[in-house]
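Across the two complexes that follow, chain A remains constant while its partner is chain B and subsequently chain C.
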Partner chain A sequence: MKLGYYPGCSMHGTAREFDESLQAIAKPLGLELTELDDWSCCGATSAHATNRLLGVALPARNLALAEQQGFKDVFAPCAACYSRLATARHEMQEDAKLDAKVKEILKRPFSNSVGVMNIVEVLRGLIPQIKEQAVQPLSELKVACYYGCLLLRPAEITGFDDAEDPSSMEDVTRATGATPVEWRMRTECCGGSFSLSRTGSVVRLGRAVINDARAAGANAIVVACPMCHSNLDFRQQAMGQREGATEMPILYLPQLVGLALGLSPQTLGLKRHFVSTQPVLELVAAGAAKGEVK
Partner chain B sequence: MPRIGVFICHCGENIARTVDVKRVAEALAEHPGVAYSTDYKYMCSDPGQTLVKQAIVEHKLDGVVVAACSPRMHEKTFRRAASSAGLNPYLCEMANIREHCSWIHEDREEATQKAIELTRMMVEKVKYNAPMQAIRIPVEKRALVIGGGIAGIQAALDLADGGAEVVLVEKEPSIGGHMSQLSETFPTLDCSQCILTPRMVEVYQHPRIKLLTFSEVENVEGYIGNFTVQIRRKARSVDEDLCNGCGDCIASCPVKKIPSEFECGLGKRTAIYVPFPQAVPNTPTLDRENCTLFKSRAKTGKDACMRCQKACQRGAINYNQQDRIEEFKVGAIVVATGFQLYKITKEQPRPGISGYGEYGYGTVPDVIDGLQFERLASASGPTAGKILRPSDGKEPKKIVFLQCIGSRDCAKGIEYCSKICCMYTAKHAMLYRHKVHGGQAYVFYMDIRANGKGYDEFVRRAIEEDGAKYLRGRVSKLYRDGEVIKVHGFDTLSSEPVVIDADMVVLATAMRAQPNIEALAQKLSVSYDKHAFLNEAHPKLRPVETNTAGVFLAGAVQAPRDIPDSVAMASAAAAKVLDLFSADELEREPTIAKVDATICTGCFHCERVCPYGAVEHKEIRDRKGNLIKVIADVNPGVCQGCGTCVATCPSKSVELQGFTDSQVFAEINALMG
Partner chain C sequence: MASPEQQETGHGLDQHAPAELKDEVAALTGANPARCYQCGKCSAGCPMAVETSLRPHDILRLINMDQREKLMENDSIWLCLTCETCAARCPNSCDPARVIDTLREMSLASGSTAAPKAISAFHQAFLNQIKSGGRLFEVGLIANYKFTGGALLADVMTAPGMFMRGKLALKPRRIKGVKDVRRIFAACEAAAKEQQ
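Here is the complex of A and B:
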């Protein structure tokens, strides 16, 4: 599968391990990622909170680049980037006036022909390859799949899974051999970009997510969004201060897949987390030992 | 020179607002062949029709064009008027200057011009019209009623009481339908079984009703007054004539844990069973899928168990019974096949419709649907009328009802209102309070639609006397948390999120069309909407008729209906059928295909394309009896006048009466000229 790769700001910054793990699993899964030449910021929350036109034109520029560079689909691993690119595509399809105006601003040919894909969608499509390439049984690992908000909503824009009762991350998780737990906070908000402006709210929301995952018996939470990761991983110390609970490792979905493919923790960026991923690695090792005994 | 009269109708303001009717009348007066042209405010009114009749006599008219509404609306009216003035009715035509002109245009000048052209076209057509006689066909005075729910029961009884023979077909082992599963009915809270079962018995005992349960319509042929229907009598494995309904076979059956369809999975039944004690007929049916004997037969080829056969003292059990087809001649068909409930779970049987995985139906045992609640509340139900949780049999102290599950939710693919849920949820809240004193009911609703006699008062009673707390808003999700179900909702009136610790949750599911109803509709040539509800002929003026003559609708097959509506529709359909049966012969429009025997080469392309099977073979012989050729011949009783054969015929030897090539070309030339 050949995809235009749109890393956005986070994949080169706070979510380096997301990018590293993704690049690491790409080759064994037959995924060819080509970074868009001259890509620019998607505008994230700031642009569309300020001005609708700007909020559409910024991601549209990147879609136009992808189209020019001959990609059928552009892949944005960051959930916020994905949301902005998919929204721009959708709004330009639905609103002819906006479409005309954005095209005028872009000053380059653009027919809005490029599809937008997120990390879960891409990996769900690769489930047969994951099963085939998996060498390390993750049978000892129970994970809570956390979708957050932007991957699934609004449903008419994302549309790749049921927005209220999704199952795609669980499907990918099962392909790795790990067990997805049943829990309730899968589609709740982590506080998103309020991490700096309303840290208290983010800590409160994140605590609820982690506590529910723990109650459901999860050894780790798997996320598909740099914002979710940062809120749950980076703020976990603050969340735990009141309750003194044990730490909950937060993995990116491609890190989990990478573990199943037998890639080293180093390659997958598992050492970059604030909350240690060591307990997960120990469970993986335990699973491997059991597998050998069999 | 023809003498044609032209009559332009104002239709009050409907036409005159956009079309300058006077100018149309004046323009047509100048048209060659027009002997008289005038306009009038309401041409269909009595003075309007008199105007037409007088003009025919006074001006010796030999053709009439009425420029007014659609011929579907008033063609019959004006043809009757023409006929009473001595003119052959088929020399009267209508130009549609309302639906096709005034209603859809704004520019008065252009609309007027178009009205003139439309009227001229019809004048040119009428010049080629020939007098025709209506076709007379005999009527078989027996009706087929499909579906034995309350609508079918009502239709069958009204028809039979009115003197008609009735064949009532029900696919389940018993008649009664969904109504037999209900506990009490809104808005009077009378017991459903108490008002329904006597009607079921009446059906069974009526000398003019032939009741065929566990049967389905296999095939339908023919046309109004003369249908031939084939009914598949599914093998019951029990001889209906020998069985006396003693129930010994049921008591002997060792397979006792099959989830009962009648109890919505809340109770169990045996493999040989009657769905419920008051079933009509009281003849057991053997469920071959779950029967030990048939399982063993499929696996080893040997018969095992056979306890029911041994238990039966009448020798009524017959394991080798086969499906058989019975044929009936009927003059009319009433379709009353009812509805099914929307499936709540994520997996849906129909593309374009999605479910509510977030409501935990099927995974959380104390989340049930409305029909299951009916069974819990029913005195004859699995809990003998006590409201108890399926999970642990405890009495729920807090119960939450969710309305509009599937209904009015475009995101789930069903945009219509299911009509009955507001009312039955209010009823449930009431019944709950009557049975669980001190219990608290909550209802999440979008709007309260209580638009029937005594309906709003009923909902008020649930709120004011029985203390149900109504919250306007939707529930985002619910899940099991220890002993309780956490219900997360939003109260849009106070703009606050609400979390309720409920003991039980009841989902008011949408009504959907029956599965595979499309196949039946196609057999009957009746159209259906995108949700597979069958279409009535006119939403206001012909609510129980369909576009196929002789086929009528009753109840929820046409749209979500409650019991009073279904019964009203059924009586209306029965009245329509009795009206049809009141004459010995029917009159049909003579606008059918006719073959010119001199040119037909007998290629039978027409036979292959005819959707009604109306084309027959006819031998042409000389005086000595030698066969000259075989040509196509159209059966006037079967032909529906669709014109498909006309379009197909390579030698142009078949023409549609009333729409001949010369007539159609005359219209086109009038438009071009």
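Here is the complex of A and C:
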């Protein structure tokens, strides 16, 4: 599968291991990623929270670039970028006045023909390849699949899974041999862009997510968004876990897939986390020791 | 003399009377706040409802009561995370998330200072980064935010941790199309001014 790759800003910084693990699993899964030339920031929360037109025009520039560069689909692994690109595409389709205004601002040919895909739907489409390439079934690992908000909502924009009762991340997880736990918080918000500007809210919301995953028996939480990762991993120390409670490792979905493919923790960027991923690696090794290695 | 009906609606015969807030919001969002029947599903699912003085269904109610000032001068609209839970669950397609985005934009245009300083400083710092290089440069964002937000020392201890993990790019990458991006900013800012 060939896709135009829109990494987004955080993949080059705080979410570096999201990019690293995705690049590492791409080749074995037959995924060809070509980075969009000269892409710009989608504007994320700050643009749409202050100026609707800007919140559409900034992502639309990237959709127009993708179209000019001949891509049928653009793949945005960051949930916030995905949401902004998909929202711009949708709003321009629905609102002719907005469509005309944005096109006038872009000053480049654009027919809004490019599809937008997120990491979960891309990996869900590759489940047969994941099963085929898995050399290390993660049979000892129980994970809580955390969707958060922007991957699923609004449903008329995302549309790849049920907004209230999704199953795609669990399906990908099962393909790796790991077991998804049943829990309540998987579509709740982690506090998103308030990480710096209202840390207290992020700590409160993240703590509820982690406590629920732990109560459900998860060994790790799997995420598909740099903000979810940063809020649950980097901010976990501030959450003041109950005495005796172990830390909760937070994995990006392609890191989980990469472990099943037998890729090394370094290659997958598993050493870049604030919460140690060692307990996860030990469970992976325990599964392998049980003689389930192909 | 206006008929009782006209008095009741407040429209009277004056065609130049300012539009009611619910009509203005409807025109800007495409959603119709008047359809809200106060079921409270939005507020039940709102992750920030425990921290805000106005919950989503309160905001819809105030819009329908034309309480412009109460909304613009309250920080609740700035505490919305745009997680879209309210919009997904509203049985009447009132789209509170979109409505709140619009109220924020109107509040900025009105010159209101109700936005918490840290949050408006963050948005400003974020947008400044994009304007300057076309992409968000996280170190620049943090530095810019710390200065304007006045929280210079908060989180300073975590920077070495980020650096050690290779998570901080130290140099901004300016894209070729930065002029293109700046032109988009200028056009959108001009359009927002025009709306005022």
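By our rule, the second predicted complex is superposed on the first by the 287 of 294 C-alpha atoms of A that agree within 3 Å, B and C clash if a C-alpha of one lies under 4 Å from a C-alpha of the other, contacts with A are read in each partner's own complex, and residues count from 1 in each chain.
Methods note: a residue touches a chain if its C-beta (ideal position, glycine included) is under 8 Å from a C-beta of that chain, and two chains touch if they have at least 3 such contacts.
Since we're looking at a predicted model, the values are computed, not measured.
In the superposition on chain A, A:101 makes contact with chain C only, while chain B stays out of contact range. Using the contact criterion defined above for the overlaid structures, shared-chain residue A:193 touches chain C, although it does not reach chain B.
More residues of chain A lie in touch with C than with the remaining chain of the pair chain B and chain C.
Shared-chain residue A:165: touches chain B; no touch with chain C.
Of the two partner chains, neither chain B nor chain C is touched by A:174. Within the superposed three-chain model, A:184 lies in touch with chain B and out of touch with chain C [touch as defined at top]. With both structures placed on the common chain, the touch criterion links A:44 to chain C but leaves chain B unconnected. In the superposed model, A:272 makes contact with chain C only, not with chain B.
When the two structures are aligned on the shared chain, A:155 is found in touch with chain B and with chain C.
In the superposition on chain A, the residues of chain A touched by chain B in one structure and by chain C in the other are 155, 164.
For chain A in complex with chain C, the residues that touch the partner chain are 9-10, 12-16, 38-41, 43-55, 57-58, 61, 94-95, 101, 105-107, 148-150, 152-155, 163-164, 187-189, 191-194, 196-199, 201, 205, 234, 271-274.
For chain B in complex with chain A, the residues that touch the partner chain are 346, 354, 356-358, 411, 476-477, 479. Residues of chain C touching chain A in their complex: 28, 30, 47-48, 51, 79, 81-85, 87-88, 97, 101-102, 104-105, 108, 116, 118-119, 121-124, 126-127, 129-130, 134-139, 142, 145, 149, 154-155, 158, 161-162, 165-169, 173, 175-177, 180-181, 183-185, 187-189, 191-192. Those residues of chain A lying in contact with chain B across their complex are 155, 162, 164-165, 167, 184.
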